[in-house]
Amino acid sequence: MTRRVVLAYSGGHGSSAALKLLAEQADVIAVAVDFGAGDVDFCALRRRAVSEGAAEVVVVDAREEFANGYCLPALQANALVVDGHPLVASLARPLLAKHLGAVAREHDTQTVHPLTKARDVLVPNGIRVHARTPHLSTSRTLWGRSVGQWECTEDASVNLGVPDEVVVTFERGVPIAVDGETVRVAEAVQRLGHRAGAHGIGRFEGQVSHEAPGAAALIAAHRELEAITLDRDLARFKHGVDRRWAELVSDGLWVSPLRRPLDAFVRQAQESVSGEVRLVLHAGRAAAAGRHLRPVGRRYRPGTGQTPLGSTQHPNTQAS
Amino acid sequence: MTRRVVLAYSGGHGSSAALKLLAEQADVIAVAVDFGAGDVDFCALRRRAVSEGAAEVVVVDAREEFANGYCLPALQANALVVDGHPLVASLARPLLAKHLGAVAREHDTQTVHPLTKARDVLVPNGIRVHARTPHLSTSRTLWGRSVGQWECTEDASVNLGVPDEVVVTFERGVPIAVDGETVRVAEAVQRLGHRAGAHGIGRFEGQVSHEAPGAAALIAAHRELEAITLDRDLARFKHGVDRRWAELVSDGLWVSPLRRPLDAFVRQAQESVSGEVRLVLHAGRAAAAGRHLRPVGRRYRPGTGQTPLGSTQHPNTQAS
Amino acid sequence: MTRRVVLAYSGGHGSSAALKLLAEQADVIAVAVDFGAGDVDFCALRRRAVSEGAAEVVVVDAREEFANGYCLPALQANALVVDGHPLVASLARPLLAKHLGAVAREHDTQTVHPLTKARDVLVPNGIRVHARTPHLSTSRTLWGRSVGQWECTEDASVNLGVPDEVVVTFERGVPIAVDGETVRVAEAVQRLGHRAGAHGIGRFEGQVSHEAPGAAALIAAHRELEAITLDRDLARFKHGVDRRWAELVSDGLWVSPLRRPLDAFVRQAQESVSGEVRLVLHAGRAAAAGRHLRPVGRRYRPGTGQTPLGSTQHPNTQAS
Amino acid sequence: MTRRVVLAYSGGHGSSAALKLLAEQADVIAVAVDFGAGDVDFCALRRRAVSEGAAEVVVVDAREEFANGYCLPALQANALVVDGHPLVASLARPLLAKHLGAVAREHDTQTVHPLTKARDVLVPNGIRVHARTPHLSTSRTLWGRSVGQWECTEDASVNLGVPDEVVVTFERGVPIAVDGETVRVAEAVQRLGHRAGAHGIGRFEGQVSHEAPGAAALIAAHRELEAITLDRDLARFKHGVDRRWAELVSDGLWVSPLRRPLDAFVRQAQESVSGEVRLVLHAGRAAAAGRHLRPVGRRYRPGTGQTPLGSTQHPNTQAS
């Protein structure tokens, strides 16, 4: 009987080489997970995997799950790594591991390729991981990218452009509207990403460069709202909780028993984080136009007339 | 029309004097809250309040609410004040304030007496508090007492007695059985209190002396169980959360917006805190007989044969 | 005998009014403290104080003391307030209080005006403070300004200009050279301030706007250097210490017994923080050109050939 | 030329076996370090090492160094491990490693045996460590012991005895006198150890049992003194610093760059920790007789009449 192997397949050179190699010895179930980066043709990817020898191809649409279960907690924890950029690969990796494990269980195999860095997640769950296999890319997601060259941000030091303004509405820490139009979390990240990226926001140069315009702009807006809605003692303690959350996840410890209690804290702390933030996007920065901040009541609904954003006489312009 | 006043009434000299004084000028609604200290005759208290001029007497049985909503979070947060004793008056005070406020609202008045220290709780809720009125005692509760002379603990340095052993069973951080017999939280505190108090456990001498044998023994058992059920990173971070919880409550900041997120963390951290702890009560100390510790599964039910505590061959004696 | 009063004198409307008022009743010793903002004519100030009735004028040159004893610890603690801007008035206020107290002791009086906010500092030291007197400005210093209109920063969103580069050299956390030229701390703040301000760096809009280009650029450089010179465990713990330092000082608790131990931690943590940081100043941002970072040995001396910054073949360009 | 090897020699079976084995292949320099446990005959140990084949025997008297450089920081940080007992082996191990390294350098060799656990300390310093060699005991020191059977504490649950009282004097966190008699740190630990051990203080049962009567009593006294001499904010923050110190050292990370900054904090925090603590030693507990606590001035000198401890009219009995 032929051996069955689950392979994380990104379509890059590495995973193609791994697929060809493994297909000589086993039935390969190629798994491609969509984290919402938005620039992958999954039909072509599927055809290519088959042509390279995959016995089966599984495409997982993880966009909403990633947005709601991973990006949203990261946003509410204002999660930035030490150099100040949003988490990228470390946020998607545990979700990739989860889906690889699920496919492996469905197909009755415990052999999963490659995921060298995800082994910390897979091994404790009884999934065997082969070493020396190429590294799958979780570094291009809805939330951001680790990049060799800039892809989704303009160079603000070359072209300033005209400042853009955007209003983000939060309800208990969840971004629910952009410029008064109701959105899901994933949409909020995308829209902010396009508009912030056009002004060079969310570029982070370093040993590895990162690009995360939507995440950067949303975190900036969320922090501004927390600054006026959180009690001082809560804000100070939450800062330490936020740091620990980011450390844990960037250390690859998503499955740590500490994460859920930290999440519970952060979620509970969002109880009062409702309101609108007006961001000015320009010259590489997302700055809050402070006087437009306005916390709203518990059951705020955008677009119901409670916040007449487009009205002639803007109520927010009167006071800070 | 006569003015209406709500008075916290403990039956002590202070509240009697206040009642007589106020009754000359207003209709006094005397409120006596039972926090489970277990040694107050509320019928006599009621008669006495009436004889002292109360227009109405409200006795609130807050025993279960205090046990489940206040003592249990304190237990799960291992809450000790700086000198090492369990919280006493500061734990009951916000619950007293809550009930005084509720009675005031029911009786359509905003005037509440006395509660000098609870003013931090009442005032932000729109309840007026008169200064210079006697202080109501919240210092004798189910959880412990601030004492002038020892009431519920023996002197272990005089009489050692024979060591006692007791097994406490926790399910996700909630004490659910004592020696295999199912109990509610309030019962757990009482039973442990009687048995630990007999061995001088829970005495804390200081500027104000405290006595809290049940709380001290339960916290000791809970810490022992956390020591073997919590992940190291979680245990270390929780220590800081626990400290902040105790600081906040002992500072009189129960209503702080920081408390609920701390609670959420602590509660989520109890997910794995299930099992039995065998305590030896002797010579003023509650020591865990370590080798009888045993974490149990998620849906542990005491007395169902899963933990044959009374069996001849004790399964727990075999391994640590 | 005439009463003697010490008055903090800034030359603003408030302190002029106070001086005239007090001079009717007492001998006023007007004290003007130079915190290095660099735009005050102290000769004119002295003449004006005399003309307004001062019995004596004391001008204190606190520039070096402020730079070394206050700005430097703030730099080493990367001290930012919640909105992300450097500390301004709260950093100078305790030093003003110190000098007012010193002048008062020298002149054998315990009456000091005005300093409403500094009363927390003065009162515990036995100095009486009169209420309802105007507030002295400590909000224009070497380190930064609380401003009504921008004074020392250009608007980067209007005029981008050509990017500027500057190399800051630190020796154990102390900025000792700018572009290879040896400087004292105060000079480092000034030079960076001029160059960073020209690119709109260090503007912070909020309820009160702040401007602190030198502080912002130096803190950015210092953080970059710590990111590569501090051990991970140390960096993580220091982050919490830094936060507490900034909280304490912005809360007006410079004299808190907690500050010195925090300082001791921060200073000891600077042991390895030696090296150069090349900053690119442009478009409102001070970004480290990462590959030019280079930690140096214990006894680094700029300008001795160890760091041939101007040499044709730059050693730093070779590796990261 | 014969190979030269440095061997940590404790005289136990393990190190004897290792010595004999190594002596067949190399010149063995046996190193015995005295950590002040007080029950080892170093002359006999030296003879035995020679008889077992040692080419040279080095006995290091590390008692004062251990007391002042290791026990004292542990005392000032109130260092307890999670189960509540003082640090034992982890406190002595880095000092053993230091002396082994020093002997190796003096004798021009880089080969050190055995010290499996100390490899974290030795390897980064360029000292090679051979695996699979027996473990040297650092578990019997001045500060405490990891024990199979109780050695220096009585069983308080069997024999209560008559309560003992002892007065410990601290000067800036350093124990400088016991019952008014000037002592060095090592003497303070020894004296308290004898007297506290006689009352069963300092027994800690667990997977490994520990016995540390002197450390337990001194830490109890030090905490009591800190409780009345430290500012509240400082006490709260120091609690977190203390925890991190104990974590770091018990994790074997004495050489971590984080330790020195933590030490600097702790030491600076001792500035006000001067005074006397009267401990009652009885029934397994060291309890402070609270009303005898008395913080003293900066330049306190015991036995100079400033604290008439033996006088008929005790000044401390008057107030709390």
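Think of it as A, B, C and D in the order they're written, each chain with its own count starting at 1.
Just so it is clear, a residue touches a chain if its C-beta (ideal position, glycine included) is under 8 Å from a C-beta of that chain, and two chains touch if they have at least 3 such contacts.
Remember, predicted model here, so these are calculated numbers, not experimental data.
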item: Most distant chain from chain A, judged by the mean position of its C-alpha atoms; value: D
item: Mean-CA-position distance for chain C and chain A (Å); value: 38
item: Length of the line joining the C-alpha centres of chain A and chain D, rounded to whole Å; value: 49
item: Centroid spacing, where centroids are CA-atom means, of chain C and chain D in whole angstrom; value: 43
item: Multi-chain contact residues (two or more partners), chain A; value: 240
item: Chain-to-chain touches, reported pairwise for every pair that qualifies; value: A-B, A-C, B-D, C-D
item: In the complex with chain A, residue positions of chain B that touch it; value: 230-231, 233-234, 237-238, 240-241, 244, 248, 253, 256-258, 260-269, 271-272
item: Partner chain A, residues of chain C touching it in the complex; value: 82-83, 156-157, 160, 163, 205-207, 227, 235-236, 239-240, 243, 247, 282-285, 287, 290, 320
